[in-house]
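You will see two complexes here that share subunit A, one where it goes with subunit B and one where it goes with subunit C.
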Partner chain A sequence: MSAATAPPAQASFSDSLRPATHLFHRNWLVYKRIWYRSLFFGFLQPFMFLAAMGLGVGALLAHSNPNAFGPVGYIGFLGPGLLGSTVMQTASFESTYPIMNKIMWGRNYEAILASPLSTRNVVIGELAWIGFRIASISTIFLGVLAIFGIARSPLALLAIPVAALTGLGFSSWLIAFAATQTNDIGFSWVYRLVINPLFLFSGTFFPLTQMPQPIQVIAWLTPLFHGVELMRGLILGSLDLGAAPWHLAYLLSFFTIGLILADRSLARRLAS
Partner chain B sequence: MLVRARALTKRFGRFTAVDGIDFDVRPAEAFGFLGPNGAGKTSTMRMIACASPVTEGELSVIGMNPATQAREIKARLGVVPQTDNLDTELTVRENLEMYARYFDIPGSVARSRADELLEFVQLNERANDQVEPLSGGMKRRLTIARALINEPELVIFDEPTTGLDPQARHLLWDRLYRLKQRGATLIITTHYMDEAEQLCDRLVVMDKARIVAEGSPLELIERYSTREVLELRFGDAERASLDGRLEGLAERVEVLPDRTLLYTDDGEKSLDEVHRRNIAVQSALVRRSSLEDVFLSLTGRSLVE
Partner chain C sequence: MASLAGVTTRSGLGRAWEVVWRARRLVERNVMVYRHQWIVILSGVAEPIFYLVGIGMGLGGLVRTVPLPDGHTISYTAYVAPALLATAAMNGAVFETIFNVFFKLNFRKTYDGILATPMGIGEIAVGEMLWALMRASLYAVTMLLLMAVLGLILSPWAVLTLPVTLLVAAAFSAAGLAGTAFLRTVQDFDIPMGLIVMPMFLFSGSFFPTTGFPPPIQIFLQATPLFHSISLIRGLTTGLLGLEQLWDFAYLVGFFALMMVIAMRRMERKLIK
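Now for the complex of A and B:
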C-alpha cells in the first residue's frame, strides 16, 4: 500500500473518547426501552441454571465424592464458571450480528461516518457499550451468586471488571472478524468451532485437572480459561496470587490486540 | 471554489473507478454528475464526503484537505446516500436528534432544528413514528432532513430520486430547489436526464471513470446536439430497406434498437422530407433535444440501459 492510499490520519485513542460517547448514547437510547427485560432475563437465566445444575447435579456429586470441590461444593465451582461463559456468550452475540447489521444490513455506520465521527470513534463507542452491558449483567449475576451463598468476599466485586475485560477481549476480536465478512455464515462457524468448545473446556463445568494433559495445555492458551480462573478466585476468595498476574496479563494482551485489529478491520471495510 | 479537483483518481486494486478528473464546484450552485451506473459518480462523491481516501491527484473541499481534515470537513457537509441508512431502531424525531448529537449540537438546538426540518420535509405528523412503516418517499425526505441537521454549506445527493414514484420525485425536487434558494451548494449525481436538467446549473457527464463533457444543460445541448430531434419508428420491412434513404435529412442519425433519431434544427421540416421520400413511418415524434441526446452523441449509448 502506497502512502497515498493509506487511510486518512486519525485522532489518537484519547481524542477519540468524546465522539465515541455519542455512539454509546445511541445504543442506550435503543436499550432503555428494553432494559428491564434484559436485566430480568439476566437474573432468571443464572438463577435457573444454578438451581438445576448446582443443586441437582451437585447433590449427586456430593454423594459420590463429598470433597471433590472443597467447602463450597459443586455449585460454588459452577457459579463463577457460568459467569465466565455468560460473559463470553453475551460479548460474542453483541459483537457479531448487531455489528454486521450496522455495517451492511441497516448501514448505520455509513450514516454515522458521514458525521464527524471516524471508524475509530465507532470501535471505541461500541466497545464501551458492550463493556457496560457486560458489567451490568455481571453485577446481576453476582447478586444471584450471593443469593446462593457463593459470593461472600467483598473481593468478589472485582470480578465485575475482570468480566468486562474478558468480554471485551472476545468483543474486539469478533468485531474485527465481523468487519471482514460479507454474510453471517462465518458467525455460525465461529460459534461452533470457537465459542462452544471454549464454553465446555475452559474449566467452566468441571476442573481442568480432570482432563488429559494436552487438553489442559490447550486450555491454558485460550482466553476464557484465564477469565474464569480469575473470576473464580476473586468470588470464592481462593485467588492464586502466583498465577493471577499471568491471567490478567493474558486478558489485557488479548483485548489490546483485538482492539488494534478491530480498529484496522473496520477502517478497511468502511473507509477504503 | 467550494470543491476543487485536479487529476483526481480512485483505484481499488487494479480497478480504476475514477480516472484523473478535474472539476470545480462554485458556491451556491447546483452541480451535477451525470452518467450511467458504474461511471465513477459514487466513488467521486465518497471522496468528496471524506468516506474514501483519494488515491492520486488533488482534492479540496470547503478549502480543506480530506486526508487530514476529514472531521472538520464533515462537520460542514450533508450527505444523502444512494440507499437509505436511517436508524430503524429509533423514531423519526430521534433519528434527527441523535444525528445532531454526532455533530456535538446541543440538545435544545437539536430539538428546534428537528422541528423546523420535519416541517420542511412535511413529516411533522410522523415525528414519533417508527421509521420502518414510512413510504420510500418519506424515508428519502427524512434522510434529507437528517443531512441538513448541521446546517451544511455543501449537500451531496447521490441519486436522490432513484426508485421513487413520479409524485414523490417532484416533491423532492421542490425541496432541493428551495434548499438552493436558501444559498446551499448542492452536488447531485443522477442517471436521470430530466432530473439533471431540472436541478443543475452546471454538470459534468461521466463515462467509464472520466469526464466526457462539462457545462450548463443548455450549453451541453447546444454543443453536442441539435435544437430538435425527430424520433421515428419503422415496421421491420421498412427498417431493413432503409439504408441510405435517410441521408441528408439531418445533421446526424442515430439508430437505436427500437427507434431512429434524426438530429435536426427543424424537426417538422425533416419529417415533411421523410414523407416526400415515401418512407413508411409507423410513428413520428418531434421533440426538443435533451441531455439524453448529449450523452448518446458523446458515447453512442443511452444512459439507462
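Now for the complex of A and C:
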C-alpha cells in the first residue's frame, strides 16, 4: 500500500478535498447511466407513501380522531418524517453494499489506491458523493411535499442541508462498519435491528408520545429523531428555537465521530 | 428436460410428485448454504414484530377503529395485523425468489450446474418455491403467535390462516420466479419492487380500506393478488367471512397456477439454450 504511506495520507482533511473530487467524479460517471431512473423512483416513492399513508390513513384519522395532528393533519406530520427516514435509508444503502463491493468484491479501492489517492481521499470523496445524492433526493422530496401543500415556508429549503447532515451521520458510521466486515451478513443485522426500528420509532409515522416512557427515552438518543425534529420544524414552520441548537449539535457530533471512525476503519482495512 | 421426458409414461400426478420429490435436493442445498447464515433468516422474524408493535401501538392509539363496509367496526391494530401477515408472506417470498434467484441465475450460475444432474427446470422452480415457503412459514407462525398474544385473533376461523398464508407465499414465489427471468441487471430490481410490490403494499387495503377511492381505481386495486390475500386472511382472523373470501381463495389458486406456468416457461428459455 505505497499510496497509504505516502505523504498525502498524513495530510489534514482540508488538503484531502481536491484529490477526493476524483472519486466523486468517478461515482458520477457510474451514476450518469441511471440518474433518470434513480430520480424517477426518488419521486415516485415519497409520492405514493404520502398519498397512501397521508391521505388514506389521514382519512381514517379524520373520521375517528380529527384533532390528533392539529391544523397540518396527519399528512403534514408524516411528510417531514418520511423525508428523514428516506434520507436514512438511502444513506444506509449507499454506505453498505456499494462500499463493500469496492473494498472486496469489485476491488475498486485497490485500483484507486494505486493512484495518488489515499484512503482519506476515498472516505471524503464517498461521503461527498453520498451527501450530493441525499441533497438531490431531498430536493425532489420537498417538491413532492410542496405538491401536497405541506412545505409552505421558504425555511423549508434549509431542510435540505439538515437532511444531508443526517444522512452523512448514518453514512460515516456505516462506512466505518462496512470496512470491518468480511461478508454482507452483518448488513442484514444492521437493517433489521437498527435501520428498520429507527424508521418506525423515531417520530416518523406517529408522535413518540404514543409510546411508553422507556421507548421515548431510547428514541431521544437516536440520530434520526433529532434529524426529523429539525426537518419537521423547518418544513412546517414550527421550529422550536430552544431545542434546535441541541438537535444540530447532536447531528454534527454524530457525523464528526463517524467521519473519524470511517477514516480509521477504511485505512486499517485497506492497509492490510 | 431429460428428467421429465424419461417419466412421461407415468400419470400426471405421479410425475408431479416425482418432480417435488427430486426438488427436495435443491431445498437441501439451500439449507446447506444458509447453515452458517441462519441468523439472516432468523433476524427477519423481528421485522413484522416491529411493524405490528410500531403501527399497532403508535398509529393504533390514534386511529383507534376502522369502519368496515359491512357496518362492523374493528380496532385499527386488528385491521392492520392480518395485512402485515399477508405482506410478510409476500415480501419473504418475493425477496427470496427475486433477489436470491437472480444472483443464482445470472452471476453464480448455480442452476447451470444443477441442470447437469438428473434435475430439470421443474425441480429448480419447485425447489426454490418450497424453500421460499419454508422461510415464509417461519415468519407467518411468529406473526400469528404474536397476534394471539396481543389478542388480535378474533375468530376460531384463524386456524386456517397458516395454510392460507402458505398459499399466498406460494403464489408470490411463483410470481417472483416468473418475474426474475425477465430481469437483466441489478438496477432492474427497481421495476418489480418500486412499480409493483411497493404500490401494492400501500394501496391494497393494508393500512386503510380501498373504498375511499373512486370506483374505477377501486376495481383496479381490487384486482391485485395482495388485495385478495389481505381480504382472505383478514376474514379468517376477524371471522367476518362471506362469499368474497371464497372468490379470494379461487383467485389466489388461479394466480398461483398461472404464475407457475409462466415461471417454468421463462426459466426454461433462460437456462436451456
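Methods note: the second predicted complex is superposed on the first by the 262 of 272 C-alpha atoms of A that agree within 3 Å, B and C clash if a C-alpha of one lies under 4 Å from a C-alpha of the other, contacts with A are read in each partner's own complex, and residues count from 1 in each chain.
The rule is short, and it goes like this: contacts are C-beta pairs under 8 Å (C-beta built on N, C-alpha and C of every residue); 3 or more make two chains touch, one makes a residue touch a chain.
For clarity, every value in this text was computed on a predicted model and none was experimentally measured.
In the overlay built on the shared chain, the residue A:114 is in contact with subunit B alone; subunit C does not reach it. When the two structures are aligned on the shared chain, A:39 is found in touch with neither subunit B nor subunit C. Contact with neither subunit B nor subunit C is seen for A:17 once the two complexes are overlaid on the shared chain. In the superposed model, A:29 lies in contact with subunit B only, and not with subunit C. Legend: residue contacts after superposition of the two complexes on their common chain; A:271 is shown touching subunit B, with no touch to subunit C. Applying the stated contact rule after C-alpha superposition, one finds that A:59 touches subunit C and leaves subunit B untouched. When both complexes are overlaid on chain A, the residue A:197 reaches subunit C alone and has no touch with subunit B. Judged by the document's definition of touching, no subunit A residue lies at the interface with subunit B and also at the interface with subunit C. Interface residues of subunit A facing subunit C in the complex, by the touch rule stated above, are 34, 37, 41, 44-45, 48-49, 51-53, 56-57, 59-61, 63-65, 68, 185, 188-189, 192-193, 196-197, 200-201, 205-206, 210-211.
Interface residues of subunit C facing subunit A in the complex, by the touch rule stated above, are 37, 39-40, 43-44, 46-47, 50-51, 54-55, 57-59, 61-67, 76, 187, 190, 194-195, 198-199, 202-203, 207-208, 212. By the touch criterion given at the top, residues 11-12, 49-56, 66-68, 70-72, 74-75, 77, 79, 81, 83, 85-90, 94, 98-99, 101-104, 146-147, 150 of subunit B touch subunit A in their complex. Subunit A contributes residues 4-9, 11, 19, 22, 25-26, 29-30, 106-108, 110-118, 270-272 to its touches with subunit B in the complex.
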